[in-house]
Amino acid sequence: MKQKITRRVMLSLAATTAALSLAACGGNVGGGSADGATFPSGPVTFTVGQAPGGSTDLIARAVAEGMAEKLGVAIPVVNKPGANGALATEEVAAMKADGQNLVLLNASLITITPLAVAADEAVSLDKLDVIAGLSQDDYVMVASTKSGVKSVEDLTKSTSKLSFGTTGVGTGSQLAQALLLAQAKVEGTIVPFDSGSPALTAVMGNQVQVSTVQLGEAKPQIDAGTVTPLVVFSSERNEFLPEVPTAIEAGYDVPVSQYRAIAAPKGLSAETKTALVESVKAAVAKDTYKSFNESTLLTPKEISGEEVVTEWNALAAKYKKLTEQYNISLASN
Amino acid sequence: MDFFGPVLDGFGVVLDPTNLLYCLLGVAIGMLIGVLPGLGPAATIAILLPMTYGVEPVTAIIMLAGIFYGAQYGGTITSVLLRIPGEASSVVTVFDGYVLAKQGKAGTALGIAAIGSFIGGTVGIIGLTFLAPLVAGFALDFGPPEYTALALLGILLVATISGGSKIKALIAAAFGLFLATVGRDIFTGAERFTFDNLSLADGIDFVPIAMGLFGLGEILYNLEERHRAAAAPVAVANVWPSRKDLKQSSGAIGRGSVLGFFLGILPGGGATIASLAAYAVEKKRAKDPSRFGKGAIEGVAGPESANNAAATSSFIPLLTLGIPANATMAIIFGALLIQGVTPGPQLITEQPELFWGVVNSMYIGNILLLIMSIPLVGLFVRILRIRGAILAPITALITMLGAYTIRNSMFDVMLVVLFGALGYLMKKFGFEPGPLVLAFVLGSLLESSLRRSLLVLEGDPTGFFTRPISGTLLVIFVMVAVWPMVKTVMNKRKKANALSLETKVKEKV
Amino acid sequence: MRADHAPHVEEAAVQEEEILTPEQLAEVWAAEAPEPAGPVANLLSSLVALALGMGGLVLSLKLGLGTPAEPRPGMWPFVVSLVVAVLSVVQIVIGRTGGKDGEKFSAYSWYAAIGFATLVGMVLLMPVIGFEIPSLLLCFIWMRWLGGERWRSATMYSILIVGAFYAIFIAALGTTIPRLF
């Protein structure tokens, strides 16, 4: 806690000094400052489409810290929550491609959200230059201790109708759970919550019997024994939860994880992109960032921007096929 | 020991220099706005919300809480010196405080008020410390049906207990619920009432509504109202109360603190009602009630202790149930949500540093209040001479520029101005803006909990009544809804023997 | 009401130097308070609320209601709008004898209207020419005409205030508020 406070104070101090030096430049109305010859030409704004304090926000702040050091300018993180991050992403995608504006991308926005909203509202990677991939965050299905459910098998055998909490419409939690239930032929009531924490609390109080939430959120409760982990949805076992089987091992074709990457508006100059890629590399190599990943139970997936585009587009296609095959509609639940 | 560990850790959070500084800042701002008639704590907190964006949630709430209880004391100063209550909760302090000031004992009145506020506040915090974990013990029993019942009860209580027309308050509340539905429906992903405007896709932000209705609305109203000129303040001599005064008021301070604590917990209650009740109690208990209104020190001590105790205890329903008890708490609720903190039964176990940090900051804040109030009285008297004509544009500009900085959006500024006009008109036509803001804040909780409950209960509404907690809450809900009707019948029997003091004071408020 | 709307009632009352009992004081306050808005205002405001409720009903219907067991997005807003509409009708009926709440508009209400107009002007001008000049004008209008300051003090304070805001919001906090300088 204290560490975080001092870090924020430092960051805001850095931002203030940077702004002070900028203030001499004059007005910002009409046309804007068109001096973008060199990068960076001032503080780089890092937009996050999620609320402050959530896992996405924390990742952005952890990376921004290292990048700011490498680039030598302040990187203030700006939260613009809304529509799973679509609002923030659309906004940044429409900005000038000078590298002064970055956005943290959640894979679910590209791969899953399009399954839940109208085609014209979906976000596509075509409008963005992906700088680099960052990490993988796994979903885990947990059951309340009172429900007596201890494995996926118990779900299929359950005689009473169970309720299943998700973390919202168009999220990986919803997709993974819907696919698993469809493949296991389990009937249940789907109850959407607005984020992970209430969905988990509801399981702890047996308000719903099962929820699928992100591992980082569920781990303390799993360790405390207040909820029972059933299955993780990553393609391989998660290093932080090695004794829990994956859905694929259990015989279900449900490879769903949350991935995160950094992107900028399309059309960056080669030098700017290189500078940004280098700064991300420097940031993720730092020990503080590595221990951040460990403490928040994130698996590093530091791949290039091009790899991110191919992998995410492949996943989007796969999810589309699976939902059609099992006749799942994410929007009407 | 399990209980005291987190409490002590909370003190560690408060003693962090940044937090101490913000606590001091909050208390100072609170006293200042308490001194300036016009803007209340709800308006000030709404206007200053953008200031809290860059800081940690604990720090932000510590400052906002400081503004709230600081204002309770600041309001006393104008009541005593000018016969103008700076805050609604200081109205009754005028009766004896101003007379004391005329008798040359302004210092005594302010000193006793400061001491009473300190003791009242401290009693409130101790109660909060022990009561909150008790309530939070039920945390896991709170499922969607319980939240539905709680949100319904909270909205109804605030709408019916506030002064003015109940039906108009309910209309305002229902309209607030409607405004909360703008944006994406979290159950289906469908867009509602956005008119294809991207700025609305996310719903209307809470901050422009609060800043507009409370902040700009009051500023516009004051432009008109200010033309009732104010009197020159009375001079202040000795601030330290004598031993005799202290002895005379100690009972009043004790009673006021306890009474205020309990009235503050009730949704829709809070500092104003607590101070009114404390004054009535003191007058009833006195051997010679005719002294009241002629400079009885108990008439200052009781209400001042009560309003501070109530200001503190009104945090209990917010921090433990996630239900704001009054308009100011609704804004602090909004501020917490913006910071990514959802107040509710699980707050105390999930974020103990935040919870105990905020609670314990109140001890420090109360000490700061006591230390600052006595030497600063002279300064506040001077501030009272700043003309409203100069203050008005300053507050208006803070609101406008502050609104812009939240999301760097002119759309938000436009919303603030529009809701400012709405707030002004509502006031003119007898609609309280408080219930609207409160209902707006609770709106999405109410809708989503209701729909979630119906899913969990498989569409069977009797399930709400068979669960113990939600059943109890709904019974209370029905009782509160029926009570005003019973009361009107009773009042008609009593016959209108003129208007009671209380209703008149409320009108002034 | 005996006190009319003379602006100096309060001063006069203070100068009497009399010690008032709480009841008398409450009476003075009641006399000073502006007149209630009255039945016409009640009718008008209730009609506006009714119109809002009806509008909400229509828009919610367009979203689709569904059934209580399986609600569509319009169900909840429909219920809420219905409450607004019904309560507005109730208010029209029971408030027709003259509401005791609210306040009549007075000559000073123009001040609030002018204040609102300057704020709208500021919103329109800010993105075009920055915040400095609109703020300066707003301060000056509010002080000179709405506040009754003298020309000199109004000019001086306006410049000081805008300068202070520039220093805080632009120089110190580094916000991106549209600005000219």
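When the chains are written out, they are named A, B and C in that same order, and each has its own residue count from 1.
Everything below uses one rule, namely that a contact is a pair of C-beta atoms (placed from the backbone, for glycine too) under 8 Å apart; a residue touches a chain by one contact, two chains touch by 3 or more.
In this text the structure is predicted, and so the values were computed from the model without any measurement.
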| item | value |
| --- | --- |
| Distance-maximising chain from subunit B - centres being C-alpha averages | A |
| Centrality ranking, top chain (CA atoms only) | B |
| For subunit A paired with subunit B, centre-to-centre distance based on mean C-alpha positions, whole Å | 37 |
| Between subunit C and subunit A, distance of the C-alpha-averaged centres to the nearest whole Å | 42 |
| Gap in Å, rounded to a whole number, between the CA centres of subunit C and subunit B | 20 |
| For subunit A, residues contacting two or more additional chains | none |
| Contacts with two or more other chains, residues of subunit C listed in rising order | 127, 173, 176, 178 |
| Sites on subunit B at which at least two other chains make contact | 187-188, 190, 458 |
| Touch list for subunit C against partner subunit B, complex | 7-11, 14, 17, 19-23, 25-27, 29-30, 32-33, 36-37, 41-42, 44-45, 49, 52-53, 56, 59, 63, 68-69, 71-74, 76-77, 80-81, 83-84, 87-88, 90-91, 94-95, 99, 101-103, 105-106, 108-109, 111-112, 115-116, 119-120, 122-123, 126-127, 131, 135, 138-139, 142-143, 146-149, 157-158, 161, 165, 169, 173, 175-178 |
| Of all residues in subunit B, those that touch subunit A in their complex | 13, 16, 18, 54-57, 59, 139-144, 184, 186-190, 198, 201-202, 338-342, 346, 350, 353, 407, 444, 448, 452, 455-456, 458 |
| Touch list for subunit B against partner subunit C, complex | 83-84, 92, 94-95, 99, 102, 164-165, 167-168, 170-171, 174-175, 177-178, 181, 185, 187-188, 190, 192-193, 216, 219-221, 223-231, 292-295, 387-390, 392-394, 396-397, 400-401, 404-405, 408, 410, 413-414, 417, 420-421, 424, 427-431, 447, 450-451, 454, 458-459, 501, 504-505, 507-508 |
| In the complex, subunit A residues that touch subunit B | 1-2, 4-5, 8-9, 12, 51-54, 57, 80-83, 87, 90, 116-117, 161, 163, 168-170, 189-194, 197-198, 201-202, 204-205, 207-208, 330-333 |
